[in-house]
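There are two complexes below, and they share subunit A, which is joined by subunit B in the first and by subunit C in the second.
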Partner chain A sequence: MSYYDVDSILTDSEKLPCTFELEVPGLGVLEGNPGENIKAGTQLDLPLWLGEMLSIGARLGTSRLVTLDIPSALSERVLNALKADPRTIDLRSLAPHFYSLSERVLELFEEEEMVDVLLNTFAKRAAEIADHAHNPKGAMGQGVDFLRGLDEMERQLFRVAHEGAKEVRVWAGEAKKRP
Partner chain B sequence: MAFPLPRGITPPEISFLAEMEMVSILPRQRLEGLELLGGPIEPLLPPRRATLPLWLALLLKRQRRANILPPSWLHPESLSLILDIETQHGDSKGAFSPPPPLPNQPSAQEHYQKRPVAIPHYTPDGNRYFPSSPFLPQNVAVDQGPVGEAPRLPFHWLEVGTMLLEAASDDLVDPDQTRRLLKELREVRSSKMRSGVDVLDSAAVGGNVVSLTGVGAMEIGEGRGFISGVVDGLRRIGASKEQARREQMAGEMGSGGYGATQDDDDDDDMEF
Partner chain C sequence: MYGELGNKLVQHAKRTQSLAHLPPYQTELVRAVAREVRDLDRHVAHLLNSFSAEGFNPSADPATACALLVDHLSMRRNKRCLLAYHRVRTAKLEELCWTGVDVLEQQLPAEEGGDAPGPTSMSSAQAVGQHSSLSPEEEEYFRQYSDMLAAYKGQWTDVDLTGSLEPPRDLFIDVRVLKDAGEIQTEYGAINLTKNSQLYVRQGDVERLIAQGFLERLS
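What follows is the complex of A and B.
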């Protein structure tokens, strides 16, 4: 998690549903009406970095500015689907940085069950990724839907698994080294 | 990202390391002893067998100055036996065939003492030690292996096997069969590595251990990126759970007798 890690920067801009608890003068720009005040009780999707900062009062015990909610990518509906079959879900359409996002969300919320579901999902999908990485069937293969639904962390995993297998094949003389 | 090579060592580097393995050769020409950095090489006298590092043996073989005696595990019979072990233990799924016994393991001691070359070495200070791979004579040809012992794959089996097949296939028994068996073994074992992800799951979270006993150097090199990626991902997702677990443990420690007094001291300090 370096300061220059592009994935962590992009994770920061994932949206998080927030509800304003107080009326804030001059923050209407977030809602799309610059110059106006933002009313108490307004619901807005704010980027993770902003929502985190605004909700910090809640942790200090003073009156909080916003309350956070769990993003739709990690809603009950998604978790139930993941429990049923982790392999058929298109994580990428939920959030391109699904696991990094859930990592950040889990820092904010205590959700024991969500951790278990996500761990199971990751392990099951990792096994599937390894199979695809070792036996690539090309862009038209049957696993193409699954591979399209990988989030960034899983893509990275696919890449290293594929590279590892390929390097060994090149060494053994079974595959040509790329030019 | 700036460094083009992946983390860990690449397959050519692994096979380079494997060239330090000692193999037996049957020299065809005389050669005087060589003083090499890795240790002295005994003089080669044609009818006598000699034990050389693999790189030198391959060099002599390519110059037609020696024949390589294949190690006993690189025999079609031994390989198909090992393949049976790998495929038939369906109950202990994910277990690899056991590696060769180390000379200082008590259970293996009696087996190993029958072998001609398991000599304890001495450091310059006179301490006795047993060498580990690649300085174990795992690839040396033995006239008759220990009776009743199943053949074992050494740590560098894939590298040594492939290199011998490439350079000295005429010295091997039935090279085509050997090549086929090696390929099959590799496929069986690599699919086991992949199905071991389920084990990784419980290992990364529950603090258990992943058993990679019997896995060869090249297989570890192949799976390094993937395995460490999976474990790292599991760690990151489970970080909050782990945090909670630690806090709970710390709380339990704190409520105990000794821990409680410690906490009181800390609180006192805070007030000053």
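What follows is the complex of A and C.
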């Protein structure tokens, strides 16, 4: 989570549904019609970097500017699907940075159950990823759909697991190191 | 929507991280983001102008405060995107510097004469309209970083800090000369590197020249 971390910046740009609590002049730009005012009660998908800060007033108990909602990537429907079988969900299509987004969302909302579901999801999927990383079935194997649906963090995990297994084989002298 | 251009820039940075080479500098995008920041700043100044007499009180006018906050956050966001983009690129440049790839040299087509690219050859290449994937600032950064690295390495004459960590299998290797590099001095006397000639030389003597692309190793 460094200031310069590219992934963290991209996570910051994931959208969050927000509802404006008061009329703001000249903010129509956010809606796509510049010059207009934004009405109280307007629903908008704002990036995390904007919505998070605008909602701070609400948390401090002073004037609230916007109220936040849970993003569609973490909706009830998705959580139920994750509870049923974490391995069949295409996390990438929900959000390219699914886990880091959830992390940020959980900083804003109290959702005990979501934590458990996500932990379970990660553990189950990590085992599957390790399996694929150690026994590559080639580009045409049945794992392709699953691997395509990995989020950014899981891709990293896959890469590390795959490289690790390869390095061990090289170290043990079973495989030739490429020059 | 504010910050979208900055996002594009960061996506470029993300792609850059997984590439071996450095993709072209996004001059247009960087300029557009900077322009957005200037526009936002003008907007903020405009909003605050009407309050110049009595001073601005956020709690009295929460709507304007909100507009100001959005502007400010967008500027901060753009700043972060710009900084991250340039940092990814400089990190890449430093890495290339340590591995001994001469980015400035690569930009140029093989020039006649084969001298190291001095400032004169650089400027002449740019005058011809040679497209470089580095911004002028990045070229300057690369040159100065190379100089600094060379000065740092110069403290230890018997250790080559950027040399290969792989123990050599053979002391002597066959190499082919790809570009004229003139005469070099080795422990066993001088060897003349003329293009297309093939030589049997000590690996330690020519490692740098292989990395720089003057020689090619024959297996």
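In this text, the second predicted complex is superposed on the first by the 178 of 179 C-alpha atoms of A that agree within 3 Å, B and C clash if a C-alpha of one lies under 4 Å from a C-alpha of the other, contacts with A are read in each partner's own complex, and residues count from 1 in each chain.
Definition applied: a residue touches a chain if its C-beta (ideal position, glycine included) is under 8 Å from a C-beta of that chain, and two chains touch if they have at least 3 such contacts.
No experiment lies behind these values; they were computed from the predicted model shown.
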item	value
Partner chain(s) touched by A:118 [first = subunit B, second = subunit C, both, neither]	first
Subunit A residues touched by each partner, larger count belonging to subunit B or subunit C	B
Partner chain(s) touched by A:106 [first = subunit B, second = subunit C, both, neither]	first
Which superposed partner A:156 touches (first subunit B, second subunit C, both, neither)	first
Subunit B versus subunit C as contact partner of A:10, first or second or both or neither	second
First, second, both or neither for A:65, with subunit B first and subunit C second	second
Contacts of A:28 with subunit B and subunit C, given as first, second, both or neither	neither
Which superposed partner A:168 touches (first subunit B, second subunit C, both, neither)	first
Touching partner for A:127 - first (subunit B), second (subunit C), both, neither	first
Contacts of A:143 with subunit B and subunit C, given as first, second, both or neither	neither
Subunit B/subunit C common contact set on subunit A	none
Of subunit B, residues touching subunit A in the complex	6, 10-12, 15, 162, 166, 190, 194-195, 197-198, 200-201, 205, 218, 221-226, 229-230, 233-234, 236-241, 244
Interface residues, subunit C side, partner subunit A - complex	1-3, 7, 10-11, 13-14, 17, 43, 59, 62-64, 66-67, 69-70, 73-74, 77, 80-81, 83-84, 87-88
Residues on subunit A engaged by subunit B in the complex (per definition of touch)	99-100, 102-103, 106-107, 110, 112, 115-116, 118-120, 122-123, 126-127, 130-131, 133-134, 153, 156-157, 160-161, 163-165, 167-168, 170-173
Residue ranges of subunit A in contact with subunit C within the complex	3-7, 9-10, 12-13, 22-27, 29-30, 32, 47, 49-50, 53-54, 62-63, 65
